Amino acid sequence: MTRIALLGCGRIGKMHAATIVRAEGAELTAVYDPVAAAAEEIGRRYGCTVAASAEEAIALADAVLIATSTATHADLIEASAKAGKAIFCEKPIDLSLDRVIACRQAIAGFERPVQIGFNRRFDPGHRAAHDATRAGEIGDLQQVIITSRDPGLASRDYLRVSGGIFRDMTIHDFDLARFMLGEEPVEVFATGSTLVDPTLAEFGDVDSTMIVMRTASGKLCHINNSRAAAYGYDQRVELFGSKGMLISGNRRAHHVERFNATTTGAGEPYLDFFIERYVEAFELGLQSFLACVASNTRPDATFEDGEKALVLAEAAIRSKAEGRFVKVGEITG
Amino acid sequence: MTRIALLGCGRIGKMHAATIVRAEGAELTAVYDPVAAAAEEIGRRYGCTVAASAEEAIALADAVLIATSTATHADLIEASAKAGKAIFCEKPIDLSLDRVIACRQAIAGFERPVQIGFNRRFDPGHRAAHDATRAGEIGDLQQVIITSRDPGLASRDYLRVSGGIFRDMTIHDFDLARFMLGEEPVEVFATGSTLVDPTLAEFGDVDSTMIVMRTASGKLCHINNSRAAAYGYDQRVELFGSKGMLISGNRRAHHVERFNATTTGAGEPYLDFFIERYVEAFELGLQSFLACVASNTRPDATFEDGEKALVLAEAAIRSKAEGRFVKVGEITG
Amino acid sequence: MTRIALLGCGRIGKMHAATIVRAEGAELTAVYDPVAAAAEEIGRRYGCTVAASAEEAIALADAVLIATSTATHADLIEASAKAGKAIFCEKPIDLSLDRVIACRQAIAGFERPVQIGFNRRFDPGHRAAHDATRAGEIGDLQQVIITSRDPGLASRDYLRVSGGIFRDMTIHDFDLARFMLGEEPVEVFATGSTLVDPTLAEFGDVDSTMIVMRTASGKLCHINNSRAAAYGYDQRVELFGSKGMLISGNRRAHHVERFNATTTGAGEPYLDFFIERYVEAFELGLQSFLACVASNTRPDATFEDGEKALVLAEAAIRSKAEGRFVKVGEITG
Amino acid sequence: MTRIALLGCGRIGKMHAATIVRAEGAELTAVYDPVAAAAEEIGRRYGCTVAASAEEAIALADAVLIATSTATHADLIEASAKAGKAIFCEKPIDLSLDRVIACRQAIAGFERPVQIGFNRRFDPGHRAAHDATRAGEIGDLQQVIITSRDPGLASRDYLRVSGGIFRDMTIHDFDLARFMLGEEPVEVFATGSTLVDPTLAEFGDVDSTMIVMRTASGKLCHINNSRAAAYGYDQRVELFGSKGMLISGNRRAHHVERFNATTTGAGEPYLDFFIERYVEAFELGLQSFLACVASNTRPDATFEDGEKALVLAEAAIRSKAEGRFVKVGEITG
């Protein structure tokens, strides 16, 4: 039984709490949130300790799940590592690549598992497509196309401090691209527009992006993003190879098709939003983490994966600013 | 080059004329219709002889395509056979089983091809499903399910003289069932209702039917019919066997899918009606006939197939009337 | 909080235990199984009382979930009702219609909820199709087609005492047909064959069936069953009406499509088996029951529904034996 | 009746000949090909004049269909215009933008219709998606994604003189992008690799490309290409807007789905190749041209469209060479 301390009791923290409670081999031991009421609600519901500080919560547990605001992630990773606890940290590690590098150096030599919350790697569909590709089912992988569109624009307050679309939203797709490609992108092109909400330009952000990346061996990868899709959360991955193609598609709440005078085969809008769409991914990601904790092995989504996804985001930002195919090696923090 | 005489220049006759003109190895030599204007229109369009009588048209050709009103089919088959011409006759041969049997006896010994217009046997999808089944792809065939629904109710005048839904509409499905099963149904159950238009009861007809048939080896077959489907012409065949299933589905004019706030993956209504849905089937059926004429071999849809489908229709009528599983052997004309 | 006693700790009992533990507002208070080890395993796992008898378990609870062998259902319903406890009983109530009728008479006047485990009524897809139909989305309902095929033949030992396919397997489809039709079938035709395993004939059973039913207003319903489908658990419902059609389809573990030199759009085999396919239905069915217990209202699947489904099974058995369209009114226990 | 002279009797010329013969209102009057045998074959088959020179063929007709090798297109356009004949010319106008500009200047003031063979604009699916978008069905168009992959690598001899993938293959997608976007791309990024056949690098070509374009209003467009797709000719267009999405998909020869122990819902490989996939597009494109000829109106795919697609190809070539987002205005021939 792995005792877990949950730091951060907001929307995603609540979801992690429910996932921990359902998981075999895990126990929600303590929770902490600077907003005491949020921690107390979870504490009451699941009968776990409500700690007075992050440190107190960390001390009570075998592993720490960090779901606090992004700015605190690196500090809490360092504190947890210092305390010798296994770590599961929500993405991104930090919005600043320098801070991420400093954090990596600070925990250098730490030997317990550190997993970053790149849930999509654990989605059953994406995982099956990945595994089939690695097993050679589509021959040599040549192209990866990732479509990733949120169902609706997040709040202005959230977006203003989000770090921008590449660090906040595309970060998932950069990680998924690396996972699927099986090799590192070496060049990144990115552009974007404010097509959903032109006022995002006020703080220098865009809501619609298109990216192209290329690996050393010439594999090509396209990512497209939008902050708002009318038909629900759109999460597709297309893997194209010399012997075929795999498409990991979207999920609906049920499988009813409608037929009438104007349409045939019409399904429900897609599941909305990540907590619904990736519910199994969160569960499988936690199970994978628990297995790594038990065997002290390397997680499927490591600290280095978190750093490398952020490097791609920085390359995209530079590419968009300079209108050129940026070499990933240029990005040095 | 096979010279073809077309008898009957109504809706289906016009379609056959266009198919003949497009076909390699065929020539539309002469047309005849008791309504002279109808024949003249086709004659003008394609530059062929407009005959003054069926006999005259028959005399000019190597093969006769009979697309006249049902009541004249048997007579024209006999006349064409007497003239030694290959015959392609639209279904049904006749609404009276006695007349069909008499016709069969009248042309006994005739050695040229006689093909009945069971177009669905030549539909590329249905044919591929049939061939895969015969090749063992789904193991032992166990169940056949045929869904066959017209896009809209035919005119009252047509329906009044149609011979009733089993002889007029289900006849196609009885033939398709035999084709797919690969063995003869020995028992037939049928029921029906007037759900589309209750006034059809005035002349003893129904517009919605469900049928179950069983072969000697125990294979099961279900047919359902409706005279009106809001979403277009619905033509599906499901073949279920010990190793899998094949479904031959519907066709749309194009492959655009729509996604919006209320629906995902929505396609066009299905192609409406048989002339559009089965356009390739008509062409392939004619080509198959031309090949049989050239080699003087037995067609894929014979006079006997026409007779046996009608026997099943008669068994269905008796089953509906008597509320029991009727043995096909009881139907003797 | 509703305290639940679980009677029966076999495969389906275990599934119900897990569902109860996950449900809000429910507590697994006690378990009982004549095989003590089975009850102890669940007791240990969830920390609940392992009762020495059904009576003891019933006494400890507000509601009783009966998941024992079929032969004991009616006795336990009577015992639970006598103790004044709400009842959730797995289907079928009993294999004997006489026993079901006697049980109904024995609990006459009992005013707590009695729900029968017809899980399919609670499947999100089937429920959405049902609700849309009742809301008029497809106009007047005319035809219902239920395809229900198990992924593989149950054990010979199970089948020998199952009561035969109509009472054991089709019972779910008879209930679903009534639920979807919104009115009572008044005539039943059924036939069947041993196509999966001919030796089932030794105890008078079949493994493949086709059924047609008709309601007083003329609505038509077809059910087909097979005890073994190579491609997984096949659970489809088609609702056809004057303005359109709804199809509630199958579920896969994920949504990856495969494309290669021989195929396009190929998905996973369907989820196998009912515990996986209907996992949400079991949860939603329990939640619905808990809501009925809380408000002391009539469940969506009542004792009378259990009895009426069995009446249809008896009508099907008689129809198959006598080869005729049996009036449901003939079946009187 | 429009009399048409067909110049060029190779593979695509033969296809055009068959399309002309089938079309209402068109007559195949004369054919010419420098390889006399090719022209004679078509002449014999359809009973039209086999001209001794292009000029002779042009003189006999009302309209000229140019399907010769690319290097002769501009000359034949100029010759036809000089003779006052309406022109349908296969794409591309020329591989050299300078030659295209010179041709445009040479025919300046010519008032008969000149249509370029961008068949995809006339595909029923692509056209329906286009029309629905223009009608506002998906709100403001934001992203266009075009997937275009050939079923297999063309011959080395063809590729060597093709002008490279952007001028030869992507040219169709550049045109389709402009058609769908409804406004001009102002910036182009392109990259590519030799993933299908590394030896293409010998003459500086690639077989796999990814492109991103941006319009003045910020609309984004992605194109991906491959010279070889194992599962057939892959031709998809995705239109994403503020209110929804439209996807125009691929076509199969029939609609049979396969289900077995390893797969469900598996269809046929896609139609292979453009002559099959776009058969209706070629017919509808010709009909549209005939209507323009009859009414002397501007075609849907003009000479200017041909030039603008080539400008985008030149921008892509420059972008790939220089690794930057190239402004379309930089390309001046």
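A, B, C and D are the chain letters, set down in written order, and residue numbers restart from 1 in every chain.
The rule we apply is simple: a contact is a pair of C-beta atoms (placed from the backbone, for glycine too) under 8 Å apart; a residue touches a chain by one contact, two chains touch by 3 or more.
These are the chains along with the protein names UniProt gives them: A, B, C, D = Inositol 2-dehydrogenase.
A quick note: this is a predicted structure, and the numbers were derived from the prediction, not measured.
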| item | value |
| --- | --- |
| Contact-richer chain pair [C-D vs B-D] | B-D |
| Approximate Å spacing (C-alpha centroids) for the pair chain B (Inositol 2-dehydrogenase), chain D (Inositol 2-dehydrogenase) | 40 |
| Euclidean distance of C-alpha centroids - chain C (Inositol 2-dehydrogenase) vs chain D (Inositol 2-dehydrogenase), Å | 57 |
| Residues of chain A (Inositol 2-dehydrogenase) engaged with two or more neighbouring chains | 138, 230-231, 243-245, 250, 258-261, 268 |
| Chain contact topology (line, ring, star, complete or other) | complete |
| Complex contacts: residues of chain D (Inositol 2-dehydrogenase) adjacent to chain C (Inositol 2-dehydrogenase) | 230-232, 250, 252, 258-270 |
| Chain B (Inositol 2-dehydrogenase)-touching residues of chain D (Inositol 2-dehydrogenase), taken from the complex the two chains share | 22, 123-125, 128-129, 132, 137-138, 243-251, 253-261, 268 |
| Chain A (Inositol 2-dehydrogenase) to chain D (Inositol 2-dehydrogenase) touching residues, read off their complex | 138-140, 142-143, 145, 147, 149, 187, 189, 191-196, 208-212, 214, 218-222, 224, 226, 228-231, 234, 240-245, 323-325 |
